[in-house]
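Structures given as C-alpha cells follow.
Two complexes are shown next, each including chain A; its partner changes from chain B in the first to chain C in the second.
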Partner chain A sequence: MFEELLEDIAQKNGLREVNAYLKLAAGLGAILLCLLSTGYIAPLFIAIVLSCAILILARVDAKIYAELFIVPFWFAIMSVAGLILITGGQDIFWQWNILPSFSLSITRESINQGMFVFCRVIGGMSAMIFIALTTPMTDIFIVFRQCRVPEVVIDLMMIIYRTIFILIDQVIQIYHAQVMRLGYSTYRESLHSFATLCGAAFIASWDAGEDLIRAMDARCYDGKFALLGESRPVERIPCLAVMIFLFLSTAVVIVSGTITII
Partner chain B sequence: MHIMEGFLPWQWCVVWWIVALPCLMLGIYQLKKVLAADREALPLLGVTGGFIFILSSLKLPSVTGSCSHPTGTGLSTISFGPWITAVVCAIVLLFQSLFLAHGGLSVLGANIVSMGIVGPLVGYGVYRLLRDTSVNIYITVFLVTALADMFTYVTTSLELALAYPAETGGFVSSFILFMGIFAVTQIPLAIVEGIVLALVFKYIIALKPDILIRLKIFSEEKINAARSDI
Partner chain C sequence: MSSIILEARDIRYRYPRGMEAICGISFHIRRKEKIALVGPNGAGKSTLLTMFNGMIRPDTGLMLFDDQPIRYDTASLRMLRKRVGFVLQNPDRQIIAPTVYQDVAFGPTNLGYSQSEVKEAVTQALRHVGLEGFERRPPHQLSGGEKKRVAIAGVLAMDSDVLVFDEPTSGLDPLGSEDIMELLDELNHEGKTIIISTHDVELAYPWADRAILMLNGKILKEDIPEVAFGNPESVRTAHLSLPILLELHMELQKRGFLLTGKKPRTVLDMMHCIDTLFEHSRSHSRHGMITVCNVDQDNGENLSEWLSVHTGICTGAMGTRAKQCAEKFCINLDFTYGVIDKCILKALLGEDCLILTTESMVKRVYLRVDAYGLESGVRIPVHQLTIAPGEANEKNGSAP
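Coming up: the complex of A and B.
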C-alpha cells in the first residue's frame, strides 16, 4: 500500500533548501506551457528536463520515479486509444461504421491528436511530480498563507495533513494484522476485512480529532494556528536555472508548434 | 481514478475552474458559519478529510488491473452537506495529486466538479429523500455511496466527452464511448463501495453509535432499530 508517500521523499530531497516560489514557478510554469503547447515536442522536452532535474538534482530513486508513472500510463493509453478512434480526419487509414450515425476510424489527424495528448499528459505529470517530489507540503502552506488563501481553509488543510499521517500508521497496522490472519484470502472475506478496516479507521480518526480538540484547548487555541515559516532566500543560480528552463521551454513551444508525428 | 494532469485542453481547465469556484466559495462561507457556531467542528472536518484521503488511496478489491478506489465522499456529504464536502474534497484532491501523483493541478477544477460537487450533491439528494422514510439505514448508505460514486464517473465522462467530441455523432457518441470505457470498472466498483460503506456503518453502529447521533446523521430511533438488527 502507500508505504512511500511522495511527501516523505519531498522532505529529504536534494532541492529541499531551494526557495519554494522558485520550485513552484518551474513546476506550474511547465504545466502552463504544456497546456498552451500545440505540438507534441514541447511537452516531451519539458518532461525530459524535469525528469533529469528530479533524478539528478533532487536525487530521487529512479525506480520510485518510474513506478509513479505506471497508473497514469495505463489511464493515458486507454483514454488516448478511445480518443484516436473517435477523432476523425481526411486521411483515413481504417474505418468501421457500426451504426449509421456512429463510426470509429483511425486517421492521420487522429493519431497526431492522440500522440499530442499523450505527450501533454507525460509532460504535465512530470511537472506535477516535480512539485510533489521537491516541495514539501509544509512549504506550500506558507505560500498559501502569503497568497491570502482564507485562514479556515489553511487550518483545515493542516489538520487534514496531520490526520493523514496518524491514520496511515493505523491503517497499515490493521492491514498487516488482517493479512496475517488470512483476512484477504477469499473475495468475500476481503470485502469484509476491508470494511472493518475502513470502519476502524473512521473511529480512530474520530478519536484523534477529539484528542486534538482537547490538546488544542489546553494550549489556548483561539481558532487560528500559528505557522512558523522560514522563507529561504532566492539564490542566484537556482533562479537563473528556472528562468533559463522556462525561457527555453517557451522557445520550444513556439518553434515546434506545427510539427506532427506523421 | 481522476482525470490526470495535461489531459484536458486549457480552455476546459478554465471552464471547470469557473464552475468549481462559486461552489467552493459557498462551501467556505458555510464552513465559516459552522465554525463560528461550533468550533469543535474544525478537527472533525479535518478528520473527515483525512478519512477521505486514506479511503481513496486504498485499493479496493475489484477488477484486476484497474486503479479503482472508493471516492469516500458519501460519508462526508451525509455528515456535513455537499458544499462543505466540496471544500474538503478540493483539499483532499490537492493532497492526492501532491502525495500520490494522482489527478492533477490544472485539471483540479474538473476533478473537484466531478468528485467534490456532482457526486456529493447526488448522494446528499438521495440521503435527504430517504432519511425520514422507513428505509433501512444500510440501504440508504449503500444507495448514497453507490450513486455518488456512479455520478462522479458520469461527470468525468461528460468532462472528457465535452473536451473531445467525436467526429461523427459529436458529443453524444463520445460521451457513450467514455461511459463505456468507465462502466467496465466503475459499475462493479460503485456497488462494491456501497457494500463496503454499508458494512462500515454496521461497524460504527455496533461500536460507536454516539458519533452518528451527534452529527445528526440519523435519528436515534433509527439507529436503535438498526442496532437491534445486529
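Coming up: the complex of A and C.
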C-alpha cells in the first residue's frame, strides 16, 4: 500500500538522522517561498533543488519518486490547461467563439499565468514529498510535543498512526479473501463485496478499539503516553545547507519576481 | 515448597448472554513455578488467564493474589496489574505506540517512573529480549517473532512477578517458538512465575513444572506433566494428543520392556531409559566434555582462539544474548533449543561440546548436568572457558 510505502522509505532514507526541525524548515520554508513568489522561476528552482536532495541525498529510488509525482503532475497539467483557456488577456494568440457570449482563447497573460501556477504546484509538491520521504511521522510527533501541541491531540494521533497499519492489513486480508472467491467479478457483485468490506472493516476497527483499551488497562494506563524524547542534534553542515538553500531561494524569489515566460 | 502466589477458589464466570465459560475451578500457583494451561479451543483457558490480572471478575468464587483476595477498585487493580504482566496472543493488539521504545515505555511511564528510570527499564527489557537498536522502529515493520518480543519487553519493563502468556507461540515458526520458550525459561530462572496457555502438548510437556488440563470450563487434571499427560483416556477426552515420548514409553512398556525410573520428559530421559535396558550397549568408555562460555565475560578473543584450536566442535547457544554473540563472531550453532540436554547426549556419545550462554544461565548448566549425573551415575565433566587453559579448574559434573 502507498501509505506504508511512504513511511517505509521515510524510516530508511539517507537523511533519517538529520534533525527533524532542519528538514521541516527546508520543506515548510520552500512551500512558503513558493506561495510568496510572483514569478515562475523561483518555484521551479525549489522543485529542482529539492528533487535533487530527495534523489541524491536521501537516496530515494528515482522510479518511486516519479510514481509519487505522476498523479499530482497530471492533475496540475489538466488544471493548467483549463486555466490557460479561460483566463483572458490582451495579446490573443488563438481564439474560438463557441457561443455568442462565450469564447475560449489563449493569450500571453494566460500562458504566463498557467506556467506560474504549474511551477507553483510542482514546487509545493516536491516540498511536500521532501518532508514525507525524509521525516517519519514518529519524528514529527516529537516536534509536535516540543511545539506544545496539546497532549491529547498527540496521543490520539499516535494511536491513530499505529492503528492505521493494523486496519489496512485487515482490509487487505478481507479484500484478498473476497477476490479469491470472485467477489469483484461483476459490477453488481463488486458493489455488494465493497459494502461487505466496509462493514467488516468497521467491525474490525470496533474490535481493535476495545482490545486497545484492554491492552492499555493491562499495562496500568494512567493517561500517560511515553514519547521518544531525544531528537537528533543540529549538525553544522546540514544546518548550513538548509540556510544556504533558503537564502538562495529567497534571492531567486526577489530577483525573478517579474520575469515571465513570454 | 515456596509460597502460593495465585489462588482460585471455586470461581465461576458466565459471559453476558453466553454460556458458562468457567464452571467452578479451584487451583493454586506457587512462586517461581512454570504452569501450562492446556486444553482445546473454547475450553476457557483465555478467560481464566484474564482473571489473573483482574480484567475479568469472576461471578462467584474468590481469586487470591499473594494470599490477599483480589479487590476490583481502580487503585488495587493497578497494583495487581503491575505485579501480573499479561502478554496477549496477538502482539498487534498489544502494541499500542508508534515506536518500539514508546511501546515498551508505556507501562513504566504510567507507573509514574521518572524519565531516566523509564529509559533504564526500557533498555533493560529490550536487552533481555534481544531487540537492542530497535528503539526507533515502528512496530508494523517488524516480523511476527520480533513483534512478540516487543510485546514481552513491554511487560518485562514493568518488572512483574508473574508473567501470563496467552498462546505464546501462536503464529511463530518452529525456530521462533523455540526462541520464545527459551526466553520464558530464562525469565523463570530469574525468579518469575510463568503461566502459559497452549494447545500444543509437545510444547507444554517438557517445559512445564505443572500442567493443568482444561475442558469445557472445568479442570480435568492438574499435576506434573508426566501424570497430567500420562493417562491416554483423559488426554483424549481433552481433545489433545499424547506427547510422542510418553507414547513411545508406553508402547515399549506394553511390549514387555521393563523401563525403570520416571517417565521420560526429554530425549535425554528416553535415552537413559533405553540405556538402562541395554546396559551393554554403552560402548563409549570416555564421555565427552562440556565447555561453558559466559558471553557476558568473554570478549570474543578468548573464544575465537579456543575455537580455532577445537575445530568442528558441537556448539549450542542458550539465551538471546548468547545467540547474538554467536552471530557476531560467525559461530555456526548446532543447537539453539534444549541445549544442555542435547550437549549431554553428545557427551554420552563421547563428543565434546561448547555451550555459549549468559551469566545467569551458567549455573543452570552445572545444575542440570549434576542432576543428570545423580540420576544416571554418569559423570560428565563441565568446565568454564573463561578460565585460562593453564589453571583450568575442571569441575566435575556429577555429584560425589
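The rule is short, and it goes like this: the second predicted complex is superposed on the first by the 250 of 262 C-alpha atoms of A that agree within 3 Å, B and C clash if a C-alpha of one lies under 4 Å from a C-alpha of the other, contacts with A are read in each partner's own complex, and residues count from 1 in each chain.
The rule we apply is simple: a contact is a pair of C-beta atoms (placed from the backbone, for glycine too) under 8 Å apart; a residue touches a chain by one contact, two chains touch by 3 or more.
Only a predicted model underlies this, so the values are computations on that prediction, with no experimental measurement involved.
Novice: Check the contacts made with chain A and report whether chain B or chain C touches more of its residues.
Specialist: B
Novice: Determine, under the contact definition given at the top, whether A:E7 touches first (chain B), second (chain C), both, or neither.
Specialist: Both partners, chain B and chain C.
Novice: A:T87 contacts which: chain B (first), chain C (second), both, neither?
Specialist: So A:T87 only meets chain B here.
Novice: When the two structures are overlaid on chain A, which partner does A:A218 contact: first (chain B), second (chain C), both, or neither?
Specialist: second
Novice: State whether A:I203 touches chain B only (first), chain C only (second), both chains, or neither.
Specialist: A:I203: touches chain B, not chain C.
Novice: Look at A:I166 in the shared chain and tell me whether it touches chain B only, chain C only, both, or neither; answer first, second, both or neither.
Specialist: After superposing on A, A:I166 lies in contact with both chain B and chain C.
Novice: Of the two partner chains, chain B (first) and chain C (second), which one does A:T138 touch, if any: first, second, both, or neither?
Specialist: Second partner only.
Novice: Touching chain B and also chain C: which chain A residues?
Specialist: Residues common to the chain A contacts of chain C and of chain B are 7, 137, 158-159, 161-162, 166, 208, 212, 216, 223, listed in rising order.
Novice: Once bound in the complex, which stretches of chain A touch chain C?
Specialist: Where chain A meets chain C, its residues are 4, 7-8, 11, 136-138, 141, 158-159, 161-162, 165-166, 169, 208, 211-212, 214-229.
Novice: For chain B, which residues are in contact with chain A within the complex?
Specialist: Residues of chain B touching chain A: 1, 4-7, 9-10, 13, 28, 31-32, 35, 39-40, 42-51, 53-55, 57-61, 65, 67, 75, 87-88, 91-92, 94-95, 97-102, 104-106, 160, 164-169, 173-174, 177-178, 181, 192, 195-197, 199-204, 207-208, 211.
Novice: Taking the touch rule as given, give the residues of chain C at its contact with chain A in the complex, in rising order.
Specialist: 53, 55, 78, 81-82, 86, 88, 92-99, 101-102, 105-112, 115, 118, 135-141, 154-155, 158
Novice: Where on chain A is chain B touching in the complex?
Specialist: Chain A residues touching chain B: 1-2, 5-7, 28, 31-32, 34-36, 43, 68, 71-72, 74-76, 78-79, 82-83, 85-89, 101-103, 105, 117, 120-125, 127-129, 131-132, 137, 140, 150, 152-153, 155-164, 166-168, 171, 184, 187, 190-192, 194-203, 205-206, 208-210, 212-213, 216, 223.
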